[in-house]
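As structure tokens, here come the structures.
After this come two complexes, each holding chain A, first together with chain B and then together with chain C.
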Partner chain A sequence: MNARPDHSVLADQEGSARDDLLMDVRNVSLSFGGVKAITDISFDVRQGEIRAIIGPNGAGKTSMLNVINGFYTPQVGTITFRGVERRSMKPHDAVRQGIARTFQNVALFKGMSTLDNIMAGRSVLMKRNIVWQMLWRGPALREEIEHREKVEEIIDFLEIEHIRRTPVGKLPYGLQKRVELGRALAMEPSLLLLDEPMAGMNLEEKEDMSRFILDVNQQRGTTIALIEHDMGVVMDLSDRVVVLDYGKKIADGPPDEVKNSQAVIDAYLGVPH
Partner chain B sequence: MFYRIAGQYKTSYGADYALFPIKQDAWLLALILVFAFVVFPLTASDFMFRALLIPVLIYALAALGLNILTGYAGQLSLGTGAFMGVGAYACYKLITIFPEMNIIGAIVLSGFFSAAAGVAFGLPSLRIKGFYLAIATLAAQFFLLWLFQKWAWLYNYNASGAIQVPNTQLFGVTITGAQAPVLAQYFFVLITVCILTAFAINITRGRIGRTWKAVRDMDIAAELVGINLMKAKLSAFFVSSYIVGIAGALFVFLWRGAAEADLFDIQLSFRVLFIAIIGGLGSILGNYLGALLIVALPVIIGTVPAAVGLPISSAMVEHLNTMIIGALIIGFLILEPHGLARLWALMREKLIIWPFPH
Partner chain C sequence: MAQAQPLPDTFPKYLLRNAEMFGSRAAMRHKDRGIWQSWTWSQQRDQIRDFAIGLTRLGLQKGDRVAIVGANRPRLYWAVCAVQSVGGVPVPVYADAVAEELSYVLTHAGVRFAVVQDQEQVDKLQSFIEQLTVLTAIIYDEPRGLRDYDKHMLHDYADVQEMGRSAQHADKQLATRWEQDIRAGSGEDISIMLYTSGTTGRSKGVMLKAKNAVKAAQDTVAFDKLSEKDSVLAYLPLAWVGDHYLNYAQGYVAGFCVACPESGQTITQDLRELAPTFYFAPPRVFEGLLTSITIRMEDAGRFKQRIYKHYIEVARKHGEAILEGRPVPASARVSYALGEILVYGPLKNVLGLSNIRVAYTAGEAIGSDLFSFFRSLGVNLKQLYGQTEAFLYVTCQKDGEVRSDTVGPPAPNVDIRISEDGEVQFRSPGMFSGYYLEEEKTAETLTEDGYVKTGDAGFFDTDGQLKIIDRAKDVGKLSSGALFAPKYLENMLKFFPNIKEAVAFGNGRDFASAFINIDLQAVGNWAERNNIAYASYQELAGHPLVYKMIAANVEDTNRRLAAEPMMAAAQIKRFLILHKELDADDGELTRTQKVRRAFVAERYAPLINALYEGVSEKYVETEVTYEDGRKGRIAATVKIVDAPVFKAAEPVKEAAE
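The block that comes next holds the complex of A and B.
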């Protein structure tokens, strides 16, 4: 599977010196009142890799994704994305910068068709104003068709042609997850955040989804950061893994190294803290 | 039988975006337009125009405006009547301040006043949702109504407190005022409604329509796919109130001829809301079906029993009307929340595969 450069040698070095750095998370802490969700976490994501974030329930993984795409503002720390440092931003600005995500619980627009859901993902990329939209001629129609072609490529890629016109509320769970991936891809992100893309799937659906994730990474060159509980999937897919427990980072490195780390084994097996 | 999709292939995405992917739908619309533009004007009586055709069109337009806000963007509003009032009063002030102004110009501009009012009262939608937003728009309803009553400048200090529509002409034909021929008024309303409906269809199926629907279905996810919630909600309030304002201007200028502030009370808001609900939220066609039902019902109850020798008093007509509409709303909310438009869509699906069950 691994035709990509081996990152393991440099895995534990300081990331900021590298020129293929896509995102750098520095000393981020996030708390809700007295509850500390994330404590002083630093890690980086390199261009073109699949980065996994794992950890037991309540470790702060989803909070971390929410910080990355601007849904939460961390009290301490910075995030540098493509060389631009920031602490707080609106989620729609994160999308504009090229960060797209999917959700743990499917968050599709249930009343809209598959096609409309994926087209909605391209809203940020569409420019024509309301006057052109009203007329539905010339530039507005051209733009619509142009984006439709891109969306059809994604539909083709994810093999969901047959449900193009179906309202997504009527689709089975596995397909909904796939549509959600399609919607995230439609944003043409440079960093794709996947929050438990395989939760609640059977083996076959997991295999399909894994294949799509690898294809997205290799064919479209999209960098991926994913949260997943299925360790087999994580170890097979990812280039590097960061492990969180109780909001702290306890390990960071290539899958094999992380797998054998005593701290990780303790966290998963539950050693008294 | 009539609906057959066999043999109608699309070879480009452009063709797929045709308004009527199925040819038979286009024929059906053409038929309806022929009736609206040719058959009714040739056959209908003045009573038909005044009691049925013109109000159906105007109510349908108002419901279309509300539907954009409530059905497409998911923001509940109870202030429709007041926003119609803003359109009507703005049009009245424009016409009386600038008497030489073209009536079309006045109506087009008056929509912007109600759109501004809509955006202003839509600001709370950035913070609150659902029933709480409905209460906020209710405040708009009561505040604006109060303003129409108390701000005498709005009705030019008339002793009666009512606005009286002046005579205006368009291409040499009197369009508004007491002497205006009803046929000319009907055509004016019909054309306005057709144009605005076409615009509404185009907006709702394009990018802006998708952002509205995304906000309606799940606002957090909409924000995380890059939709600016503030822009989406306020643009929905703008477009919706614009259309509602135009409907209000038509309501007074081309139908009622005069208006007091009370005309735009909460009853009107509810009436338009009922039309949108019975017709079908999130549908354009539904507004017409709903308006047809709500406006035609009292006319039918008032004329049909009398015609078959069963005269009933006008008070009875009123009671029957209220009872039937109430029952219909309860029935629709329980049985078919998507309204008449969904019934039509189901029927169409059945017709396409008829005589086979699936």
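The block that comes next holds the complex of A and C.
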């Protein structure tokens, strides 16, 4: 699938100044009081790849995602996104920079229709101010039509035409997940963060979701960083995998190498004491 | 449709005619990205021309077979006409066919081209591509997911059209020559090959000649007075004769607009938005509609429920009479008009049936209550009987002469006869010209004097309407020689809501008898309301009051059978309620919930003997399989009850026709 050079499992890509670098996380540590959630983690995300972050429960995966997303600010370390280093910011800044995400437990507007939920994802891209929007005439109307076209493209892409007008609260879980993916896509992100996109799904829903994730990556060219529990899914989908355990990075590389790494096997299966 | 020239005898000729006559009227609609897109007849002609010429650039020759695989999409319908326009033979194939079925049909038909909907179909074809030795190109409608595929042999539909356009650009005469070729085309050519669904053995390629196909469509278009002002929603499988006939053939002949749904799951919404004037659906679709209405009304407020109940009752009493123009008291008309405003109108609107002029149902028996419900709302629902070999229509009901238990008199210009052993045979304008490469089977299906054997047993009722009673091979005779059609009896019984399944016996016996399965939900509800306690299906099934209730249903059935001279002898003299539900896990039903009569007869042989021995109860033990695969035994003493039989109505001499 990709002809990128291989990396050995534990080797850091120190000083790798590649031109396809989208995000570089360097020596990041995060702690809440005395609890160290993340300790000195470095990894990078390259343009156009599917990057997975995996690890057992409590390994710090979601914390890592929240750091990338700007929800948490790490005490130590730097994050460089598209060549610009940042230290402190809010989640909506992340959105403006082109980072969108989905949540482990679906966070949609339950009472709103699929269409409105995805339209909400476009709001950050709307230029007319609230007065124009309320008047809903001239430029604001034209703008709305443009956005609606983009949203319909996403609806078509995710094959959710039949639930366009259904309040999302009424939808089965698998479809809600798909709508949430749609809302994130509506922001036209350059980096899409997926927090356990397959959690709680049955096999068929997982297969569908995997297909969509691959399609998003290949057809829309969106770079994806995903957190996932399901090892099988991760190994099939991703180009490169970071493995965390107790807030530390224990492996990083293509799926095949990571799978055979002793540190990873120990972390997942446990070691005799 | 008054015109001086002779009527066209191929569909591409109709395309040219329609583009001239109805150039600016919509010919095709498709909901894309949430918006209905339309193509007029002249735009449709251009689309088809570009594609047709593109196909010839790819090497399509006269007589080549072209597979068309996918859902109802404008481009696939256009492909059908494009292929016909350059002398090829379209072969539509069921989109949900698994790779093996698809490979059988495609290799059997020897297709040189395949026009498919999307990646799914491309994948299927490529899984057996080495068997398709003559295949030269696969053309896909939707490029999604196909970006990284090996493009040797694969073409985007739009690119093929572009090829056609640039060819026309280079050679200005090309378009005119294309039209000339169409006008020179012969109605004797094979217009289409439709593969039967193959429920009994391998599917066979039914070849239909253009002039026959066109003639059949002309007849029914005139019969139902279809015109360019009509519209349909094309949602039935593209490869099924019904879709090809009702939407494509009738659409070209009448010039009406065919709309394609956004996707398979949006059909109900699309139907509501479009409100077509012509509609076809199998009985189970109507059943589903009625169930959803009933459930939603149960959730409605009291006031609404009362209005609904009142006006549905008004419709039940007078609706059908008003629809058929029979005399109705003025007060009833006023009531009905009010009901139209308050209930029927809004209801039809929600279902997308507001504008229906003609609706058909076919394929299986429809319950008379269900049938009447829709008719009483003012939906002109009728029945037809047909098959692929006839290019659909064999019989169809005339407006105003509609019944739920018959399929109507012969369709225009169709000649029907009942053979010695009760099989329905016909000759019709749309009759097929043979199975592709299977002359033996063609000969088996045709009689020596050129009638087609349908394999169905039936008879003409007193008013000249055909009644289909069963598959001919299942029909037997009582020892008296009277006709015994098990499925006919079973269907009559099953229309009672309390009866879920019935199995009739009587072949070679003195009289007909039946096993009955009660509907646990319906009877359970009834038991609850009447304070009847029960612990299991078995206990409820054996309850004397339940027996009494079912006996009344059987008595009703017998009374109705007595009114039919052909069936009167096969009234149900004795019946029993089975102590267990028939179950697919036990092999008593097929996975599609059809009774396996022979298997049931063998398994419950002691009970059948008891039916004919005259005893009033019988002890049986039956092995059952639980859902988790464990086996168990249930024992029961099953009661056997006599049912009253009625005197047969006066037999009528040979029915009309």
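Heads up, the rule we're going with is that the second predicted complex is superposed on the first by the 255 of 273 C-alpha atoms of A that agree within 3 Å, B and C clash if a C-alpha of one lies under 4 Å from a C-alpha of the other, contacts with A are read in each partner's own complex, and residues count from 1 in each chain.
Here, contacts are C-beta pairs under 8 Å (C-beta built on N, C-alpha and C of every residue); 3 or more make two chains touch, one makes a residue touch a chain.
Model, not experiment: these values are computed from the prediction.
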First (chain B), second (chain C), both or neither touched by A:159: second
Most chain A residues touched (candidates chain B, chain C): B
Chain B versus chain C as contact partner of A:257, first or second or both or neither: neither
Partner chain in contact with A:205 - chain B first, chain C second, else both or neither: neither
Touching partner for A:40 - first (chain B), second (chain C), both, neither: neither
Which of chain B and chain C A:149 touches, first, second, both or neither: both
Contacts of A:183 with chain B and chain C, given as first, second, both or neither: first
Contacts of A:111 with chain B and chain C, given as first, second, both or neither: first
Touching both chain C and chain B, counted on chain A across the two superposed complexes: 148-149, 152
Residues of chain C defined as touching chain A within the complex: 32-35, 144-145, 147-148, 262-263, 265-266, 269
Complex interface listing, chain A residues touching chain C: 148-149, 152-153, 155-157, 159, 161-162, 164-165, 215, 218-219
Residues of chain A defined as touching chain B within the complex: 69, 71, 90-92, 95-96, 100-101, 103, 107-112, 116, 119-121, 123-124, 126, 128, 130, 133-136, 140-141, 144-145, 148-149, 152, 183-184, 187
Partner chain A, residues of chain B touching it in the complex: 12-14, 16-17, 199, 202-203, 205-208, 210-211, 213-214, 216-218, 220-229, 235, 239, 282
